[in-house]
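One structure is given below, encoded as structure tokens.
As written, the chain order gives the labels A, B, C and D, with residue 1 at the start of each chain.
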Amino acid sequence: MIEAALFGAGRIGRIHAGNLARLPGARLKYVADVNQAAADELALRHGAKVATVDAALADRTIGAVVIASNTDTHADLLLRAAAAGKAIFCEKPVDLDLARAVSAAGAVDRAGVTCLIGFQRRYDPTFAAVKARLAAGEIGEPEMLIVTSRDPGAPPVDYIKVSGGIFKDMLIHDFDICRWILDDEAATVYATGSCLTDPAIEAAGDIDSTTVTIRTHRGRLAQINTSRRAAYGYDQRFEVLGAKGMLQAGNHRPTEVAAHTAMNVSHDKPEHFFLERYRVAYANEMAHFIDAVAGGKPLNTTIADGVKALELADAATRSWRERRIVEL
Amino acid sequence: MIEAALFGAGRIGRIHAGNLARLPGARLKYVADVNQAAADELALRHGAKVATVDAALADRTIGAVVIASNTDTHADLLLRAAAAGKAIFCEKPVDLDLARAVSAAGAVDRAGVTCLIGFQRRYDPTFAAVKARLAAGEIGEPEMLIVTSRDPGAPPVDYIKVSGGIFKDMLIHDFDICRWILDDEAATVYATGSCLTDPAIEAAGDIDSTTVTIRTHRGRLAQINTSRRAAYGYDQRFEVLGAKGMLQAGNHRPTEVAAHTAMNVSHDKPEHFFLERYRVAYANEMAHFIDAVAGGKPLNTTIADGVKALELADAATRSWRERRIVEL
Amino acid sequence: MIEAALFGAGRIGRIHAGNLARLPGARLKYVADVNQAAADELALRHGAKVATVDAALADRTIGAVVIASNTDTHADLLLRAAAAGKAIFCEKPVDLDLARAVSAAGAVDRAGVTCLIGFQRRYDPTFAAVKARLAAGEIGEPEMLIVTSRDPGAPPVDYIKVSGGIFKDMLIHDFDICRWILDDEAATVYATGSCLTDPAIEAAGDIDSTTVTIRTHRGRLAQINTSRRAAYGYDQRFEVLGAKGMLQAGNHRPTEVAAHTAMNVSHDKPEHFFLERYRVAYANEMAHFIDAVAGGKPLNTTIADGVKALELADAATRSWRERRIVEL
Amino acid sequence: MIEAALFGAGRIGRIHAGNLARLPGARLKYVADVNQAAADELALRHGAKVATVDAALADRTIGAVVIASNTDTHADLLLRAAAAGKAIFCEKPVDLDLARAVSAAGAVDRAGVTCLIGFQRRYDPTFAAVKARLAAGEIGEPEMLIVTSRDPGAPPVDYIKVSGGIFKDMLIHDFDICRWILDDEAATVYATGSCLTDPAIEAAGDIDSTTVTIRTHRGRLAQINTSRRAAYGYDQRFEVLGAKGMLQAGNHRPTEVAAHTAMNVSHDKPEHFFLERYRVAYANEMAHFIDAVAGGKPLNTTIADGVKALELADAATRSWRERRIVEL
């Protein structure tokens, strides 16, 4: 039985708490949050106690911590949890600043603790199946990857201003997908984009529509297209071409109803947003973490992955700002 | 080169004339129709001559005739064409009256002429592929067949009154599909139905919605459902279950556009009606006929098939009227 | 907070226990089963106690009982739970014997207790969406319903022998779908079938492949086709035609991967069997039950529905055995 | 009645001849080809005469010419046909050399003759429907376009050596799609690629896998991905995102059979290659040309479009070779 502490009782923290609570091999012991009411409520729901981060880290029965607090606290909490020898589940990104992320990764490595970074998409049943079938050789080596990643709508501009920009905030997941699926590191990154949905985003110094191209050392190619707005919901697809065929990961939809009318034949739109689409992925991710901690098994997504994705986000940001191809 | 005469210059006659004209191995020499203007126009378009049926049958260069005139002329024309030793392509049904159909079939057999009955669905690329894959053993022996057959809208009630009833007029094709796919003859037929779309159809002594069940001698099962009205267009599907799987024949649609909107994800409705859906089937059917005539090869749909389908339509009509299971 | 007792710790009992445990408004207090080990294990997992049925019914804090024991115990437990004034969640069928089912329903009615019968399909997201959209008038009044219901494989013949026959064991769900979707009661039932997958089923006096036709008082039509064997998994679809269109409920599949190879373009097979396909339905069903008990709200599936579905199963069995159309 | 001459009796010339022959308003009078046997056979099939280009251009009854000869003859034939005042249907590309293409376009413009360039994809039912629905405002202004364009297999390396390179040979169509759908001209082009399928292509100085990004003056974005090899056939898709949704143009497939087996649920691969996929497009294109010539109506694809697509191909080639972003 792994006893765990959760740092952060917001939206994603509540998801992780619920998933932890459902696992037979884990128990949520502490919840910490600067928002006392949120911590109280979440602790009550799962029979946990409210505690400070210090107290939780000091409790030797705590084997694992889940970092789901604000991004700007991640690096510090990673350092402290690593110092305390805890297994760590940390939400992405490691940090918005690459140097700080590298430093946190170094500390984690030196401490030798298990550390999962929350790229939950790798645990999505559809995405994971593509990866497994690709790894099994079903279509040969990957040659080209096309990633479509569109949000149903933009977050508030106040959030965008502190988000680190679209490449770090939104595409960080897509960069991870590229590394994971192409199984090779980027040699060049090219990014361009526009502000097409809301001038306020441009005024905030960001863009809402991007196209990114990655070429790896072995010459494999990836294209990512993203938008902050898709009228039809959360669009999360990718397809990978190999010598023997193509594997596509399609959207999930709430129901399998088909309506035939005088107008057309229609199906449901995709699941609305990430909490719906990645509901199972989040549960699988937490189960994988607890399994790995309990069994001393390797993790699917490590802090090194978190750093690498951030490097790509950094490179894409520079490519866009400086209007040039960035070499890595 | 097969020289052919066409009897009937109406809607379906024009389809057959166009398909004949496109075949390198055939030539349309004569067009006959009681509607002189229709005959003139169609003959002109394809460089043929207008002729009487008698004259066409008397011309020894004519190797084949296409009977696309009114249903009540089929049996007579079959007899005359058979007597003249011509290869015959005859639109379904052979006749609305089973005894007359049997008699025509006998005459054709005695004359030893090639005679194709126009069950064009067997020549549809999708339907033909299901049959071929079934015959190749892909799903084992057929066990159950579900046929969905719905028209976009009912014909005029004046037509319905002389149509022979929905089972002979509309389901005759579906009965042929049952025999073709199940590869076995019916032992029992049960039919029921309702008038749900237009009371005028009921007033005309007919129904517009039917459900038919066929059980064959070997215990294979078929269900047919039909309606005179499908708001979404012409619905022509079937699926066959075997020990090793299922093959489905789906609808065709005009384009492969998918529209994703705030409402749903939609595709085109099925092709509107039989002229659109079975456009390729009609062309394939005529090509098959000309090939068979030219090469002395066997036909996929014979006058015996026409009689058998009519027997089922007759049995279904009795089952519905007399509210009983009919044994064959 | 509703305190509940579970009778039956087998496969379906474990599903219900897990779903109960996840509901904030309910608590599983007792588990009863003749298999002591199964009861112990399940009680332990959910922090419940093992108890006898008598003890559980005698505990005045128990507001609800879940009957998930063998079919032949349902009627007796219904009577006892009703007498004890408990809200009841009872797995289908009420009983294999119609008279006993009617009697149990009478007792429940007289006791005035809430009683849900476990037709979980009504709580499936896809099926429920079709019903809701139909009720909202999206395609007008229902005219025809086609139900496809196929199991991946047959249960052991020893089970089949005591199952009550395919119509009561397997089609009971489909009969409920017919009543629910057509919103009208059957006037006639016709059933036929064959044994096509395993002669041992025939030797046991049963069949494995059936076709059923229902015509309602208002002339609405339903066709059901079932098989004990579908090589491709659990096939659970229906489609309903109305004046303004058609709504189809399609199969669910484990992932949304599409594989394009030199052979074809393929997707996953449907979810393997009912525990997978109706996982969400079972959870929704239990939530609905607890909500209804807590809020005094009406139920979507009552014991009257259980009786009515059994009447149809009885009629279908007679139709098949006696080779006749059965009027209701 | 438009009398036409065809220059080039090869594969694509035969397609155009057949399509011309089927049009009521046109007649194929002459066929010219340096391969005398090919010209003879094609002329015979359609009741045309073999003639030299000079003789055909000198015949004043000839209203239109179809240029389907080798690419290196296009510019010269365009000049001569324009000088002779003929309406021109010219296969893409105008020329591999941009300067020569511009010069030919100038001559055509000065002569004031009708000139269609064979971007047949614009006449594909699916692609044309997307364009029409986009133009009708169904999804608002286009923001992003993703084009997937993959051949089933590479042409012989000897062809590749004289093809002008993958951007001019293969992507020329995709560049035309970008201009047509985004309704804006490119401001920047970025292209990269690899040789992943056959080292012989690299040895020939070309690549087989490319990713191209176009940003237009209004900030609209396009990504193109291509490969010379798709094991599953000819992959021809695009999708366009707008403020109100997305329109996708999907692949066409030979039949609508779905096979459900113990392994998966599969459909046909896409149509094998361009002759199958664009069969209807070619027919529509020729009909559009003849209509335009007969009615003096504007064309959907002009020589200016041919030049613009070539400019993009040129820019992409430079971007790839020089590893830089090219501004236009």
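Just so we're on the same page, a residue touches a chain if its C-beta (ideal position, glycine included) is under 8 Å from a C-beta of that chain, and two chains touch if they have at least 3 such contacts.
Computed from a predicted model, the values in this text were never measured in an experiment.
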Farthest chain (mean CA position) relative to subunit A: B
Pair joined by more contacting C-beta pairs (C-D or B-D): B-D
Whole-Å gap between the CA centroids of subunit B and subunit D: 39
Averaged-CA centre spacing for the pair subunit D and subunit C, given as whole angstrom: 57
Junction residues of subunit A, two or more chains touched: 139, 230-232, 235, 244-246, 259-262
Residues of subunit C touching subunit A in the complex: 22, 24, 45, 125-126, 129-130, 133, 138-139, 244-252, 254-262
Contacting residues of subunit B [partner subunit A, same complex]: 230-232, 235, 253, 259-270
Subunit C-facing residues of subunit B, complex: 139, 143-144, 146, 148, 150, 188, 190, 192-197, 209-211, 213, 215, 219-223, 225, 227, 229-232, 235, 241, 243-246, 323-325
